[in-house]
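Same chain, two partners: chain A is paired with chain B first, then with chain C.
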Partner chain A sequence: MNIWERLQRIDRRLIFVLIAAVVAVPLIWPPQPQLQISPPTRQVYDFLEKLEPGSVVAICFDYGPSSAPELDPMAYAIIRQCLTKRLKVLVMTLDITGKQMKTHALNRVVRQVQQEGVKVVGGEDYLDLPYQPGYSAVVLGMGEDVHKVYPVATADGQQQPIGAWPLMGRVRTIRDIALIVDLASSNTPSMWVAYGGSRFGAKIAAGVTAVMVMDYYPFLQSKQLVGLLGGMKGAAEYEQLLGKPSIGMSGMGGQRWGHLVIIAFVLLGNIGYFAARRAARRAAQAPEVG
Partner chain B sequence: MFVQFFVPHKLSQDALKYMTDWMRIIGTFALVLGIGSLIQRHTARIRQRHRDAPYSAVALCCFLAMVVLGIGWKTEEGSPFDWGFTYVFMPLDATMFSVLAFFMASAAYRTFRARTPEATLLLVASLALMFGRIPLHQALDPHLAGVAEWIMAWPATAAKRGILLGVALGSMAMSLRLLLGIERSHLGTGKEG
Partner chain C sequence: MDPAPVAQAFSPTVTALGIWLGALLTLAIYSFLYRDNPIYKLAEHIFVGVSAGYYVGVTFWDTAVPKIWQPLFDPIAVGRDRPDWLVIPPALLGLLIFTRFFPRAAWLARLPICFIIGAGAGVAIPTAVQAFVLKQVSSTMVSLYPHEAGQKVAQSLIGGAQNLLLIVGVIAVLCYFYFSKAHRGALGVGARLGIWLLMIAFGATFGNTVMARISLLIGRLRFLHEDWGPMVGLGPEMARGLHAQPWRFAVAGAILLALLALLVRYERRAAARQPEATEVEE
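And then the complex of A and B:
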């Protein structure tokens, strides 16, 4: 096997070890890169910035732990922005695995902002809606009456009938929610657009995993989504806009070196492929010359 | 539902309300059906001493443990259920997904070869997107990100929109065929009417 053929057959274990190393090391020593903010990320940020204090924002956690590294940082950043801007936050989920994710994210950010001196009160500034099965039926139901779909809600571990929470005095239907942000690892943003947006006129933004971003650009261009956060980069961009670099930004180091290693291997494979093909052609032409 | 969307009459609104309530009720029953199916399938495997019976036993035990913890001590933060979710399910699920990164890296290296003009186009577009999604250098980043954004916003969106419209029209046609009884292969007849 010559060097060109070797370049095309690098042991996969070497690739695995290199990927593991370049992803792990920046997590231990996180970089603080300056990112180029993409327009869809800025649109979400600007929309929330322009909302009047007291407006209600619903954040829907339609993902499980497998997508948490990409979507959790988005959730933390958006909840933080809402609470510090005096916007009211409702967290909810249409996916059973999102049940714990939403509670963890909300409690984590509430604790952080309280430690920073921001006064937020459970039931007045934020509320945790329980999981309801039915996907589109839940969204359609919210269009009619949110209180009927969610008879109870929780704040600070205390569950009460939904009408007993002061925050819910502002919200009767989906139209009373200024923005719904769907953080998803499945196709729920399309469902929110079709039922929540088109049917009831709700404003929808989405945060999705990097592999799904392309699926939602058509909705962005048609203005059915007010903005879109894509993958780890979307989360890191949002943290940069907030001026609070956190785990999204830490992940960008691993993503940077991971991408560079993959690009390097793809280029090596192609160099080997073209060089081997050229060598084979020369070898085939050699007897004729001689 | 399709017709209802275009008819803002009270009768139509009431019909939507009624159907939405039923959808939620049926959705809840689907959950019961799923749990029943899971228990039935795994119990059958254990009874038949199938070679995967140990895995079925683990699945059933874990399922029952989480049900007992959830009902007995609720699911709030700090509860035993939450502990199981945070320290067992979360790392397992995240590990399963993160292993994909290694396979994707290996697969990209083996398959991304510029063998044909189409493959070259795919290779160049994917490299441009990969460069555009990472911070490299302050002087380069605006250009790389701009190229990536342009690919996503124009050629890729145009293609995606075509696919979406095609799939939507195909789904509508298939739904009509099913409702009108023209398409019956799903009933196991193996023939279309």
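And then the complex of A and C:
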């Protein structure tokens, strides 16, 4: 086996070990990369920055623990921006696995901003809406009466009828919500666009896993989404815009080196392939000796 | 009120147990990268079982109870002052799905399915046409010189070039997917350009997929480093009051060595079995 054939048959376990190593090292010694902010990320940030204090923002957690490394940093950053800008936050989920994710993210950020001296009160500044089954039925119901779809809501572990919370005095239908941010690992942003956006004119932004992001660019072009965050990079960009580097940003060192290793192996494999093919062609053309 | 994070909702012992379990299952799943093995299989089966159990439990407590039981028998819990009898017809319709388990009455399951398909199609089709077809098509009908008052000519020209690229891209890709005529002449040129554009899109998708997979690896490594690490004398800090002690490090090392020994033993037994299998074939 010559060197070109060896390049095409690198033991995959060697690749795994190398990727694990280059991803792990920046987690222990995190770099501070400066990212170029992509326009779709900036659009979400700017939209929230321009909202009047007191406007209501709904954040829909349509993902489970398997997508948390990509979507949790987005959730933390957006909730933080809303609470520090005096915007009201509703967290909700249409995905059965999202119910723990929303409560955990809200509690975590509320605790952090309170420790930083921002005064936020459960039921007035933020509210946790329970999981509701039915996807499109929930969105259509919100278009008519949010209070009917969500008879009860929770703040700081205390559940009450939804009308008892001061925050819900501002919200009767989906049109009273200034922006709906759907953080999703499935196709729920399309559903929000179709039912919430097209039917009721709600403003929708999406934060999706990197695998899905290409599917949602057409909705930016058609202005059906006001902005889009894609994967861990989108989350890191948002943290940079907020000026609060956190877990999204700390993951970008691993992303950078992981990508470089993969690009290197793709190049090596291709060099090996083309060189081996060329060698085989030459051998076939060479005149037989003797 | 300062809400406690989820991890602090449990006692330190239960938290430690959960983190240990998570760490061992993570390592068990990643052992597949070396080779398929019984430890990986065990973790995979636990995942399937726990997922199914979780879905059944959550569906019962978050759907059946608040949507059927509470409106009928505990209306105050759902913000009502009297029972909501209107939930009975849809609940009965839903129960008919279970008639599939009884061959003689299985046909009754078609009734709720008919309702779901009929209502779903009625709601979805007009909205989908509006949101995914008409709106998308109209967004490709753009000006080649999108000049606005106060805008520089150069900016308008760049905007025009971008719009031209959009129009050419849409037409070229549509040419590629037009199969009623041979891809020759102008249609062939369009189709060839279309496939190039599709390849660029696939390349971008692959790049994003790589980013997503690395993100998942980062998530697991972060868990091992920041949550499990402090328990075994590694990691950045002594999290949640679970101070690392030498015996923790020793226990962790012993468990990991035991797992490794199991894998090595499995590997040797598999290698020993291989020649026997070859002999039988011969």
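In this section, the second predicted complex is superposed on the first by the 287 of 290 C-alpha atoms of A that agree within 3 Å, B and C clash if a C-alpha of one lies under 4 Å from a C-alpha of the other, contacts with A are read in each partner's own complex, and residues count from 1 in each chain.
The working rule: contacts are C-beta pairs under 8 Å (C-beta built on N, C-alpha and C of every residue); 3 or more make two chains touch, one makes a residue touch a chain.
This structure is a prediction, so every number in the text was calculated from the model and none was measured.
Participant: Should A:Leu27 be classified as contacting the first partner (chain B), the second (chain C), both, or neither?
Facilitator: The answer is second: A:Leu27 touches chain C but not chain B.
Participant: With the two complexes superposed on chain A, say which partner A:Gly54 touches: chain B (first), chain C (second), both, or neither.
Facilitator: neither
Participant: Scan A:Ser136 for contacts with chain B and chain C and give back first, second, both or neither.
Facilitator: Once the two structures are laid over each other on A, A:Ser136 reaches both partners.
Participant: Check whether A:Glu70 is in contact with chain B, with chain C, with both or with neither, and answer first, second, both or neither.
Facilitator: Only chain C; A:Glu70 stays clear of chain B.
Participant: Should A:Gly163 be classified as contacting the first partner (chain B), the second (chain C), both, or neither?
Facilitator: second
Participant: So, does A:Gly231 touch the first partner chain B, the second partner chain C, both, or neither?
Facilitator: Both chain B and chain C are touched by A:Gly231.
Participant: Let me test your reading of the model: by the given contact rule, A:Val152 touches which partner, first (chain B), second (chain C), both or neither?
Facilitator: The answer is second: A:Val152 touches chain C but not chain B.
Participant: Counting only touches as set out at the top, which of chain B and chain C does A:Phe265 meet: first, second, both, neither?
Facilitator: It touches chain B, and chain C stays clear.
Participant: Which partner chains sit in contact with A:Ile10 here, chain B, chain C, both or neither? Use first/second/both/neither.
Facilitator: The first partner, chain B, only.
Participant: Shared contact residues on chain A for chain B and chain C?
Facilitator: Residues 16, 19-20, 23, 66, 68-69, 97, 99-100, 103-104, 107, 133, 136, 140, 157, 199, 210, 213-214, 218, 221, 231, 233, 255, 258-259, 262, which sit in both footprints.
Participant: Under the touch definition given earlier, write down the residues of chain A that touch chain C in their complex.
Facilitator: 13, 16, 19-20, 23-24, 27-28, 66, 68-70, 96-97, 99-100, 103-104, 107-108, 110-111, 114, 122, 130-131, 133, 136, 140, 151-152, 156-157, 161-163, 190, 193-195, 197-199, 209-211, 213-214, 218, 221-224, 230-233, 247, 251, 254-255, 258-259, 262
Participant: Which part of chain A faces chain B closely enough to touch in the complex?
Facilitator: 10, 12, 15-16, 19-20, 23, 33-36, 38-39, 64-69, 97, 99-100, 103-104, 107, 132-138, 140-141, 144, 149, 154, 157, 199, 210, 213-215, 217-218, 221, 231, 233, 252, 255-256, 258-263, 265-266, 268-270, 273-274
Participant: For a test of understanding, state which residues of chain C touch chain A in their complex under the given definition.
Facilitator: My answer: residues 1-6, 33-34, 54-55, 58-59, 62-63, 66-67, 77-80, 123-124, 127-128, 130-132, 135-136, 138-139, 166, 201, 204-205, 207-212, 214-222, 225, 236.
Participant: Once bound in the complex, which stretches of chain B touch chain A?
Facilitator: Result: residues 5, 16-17, 20-21, 23-24, 27-28, 30-31, 75-77, 82, 85-86, 89-91, 93-94, 96-98, 101-102, 104-106, 108-110, 112-115, 123, 127, 130-131, 133-136, 138, 141-142, 145, 149, 152-153, 156-157, 160-161, 164 of chain B touch chain A.
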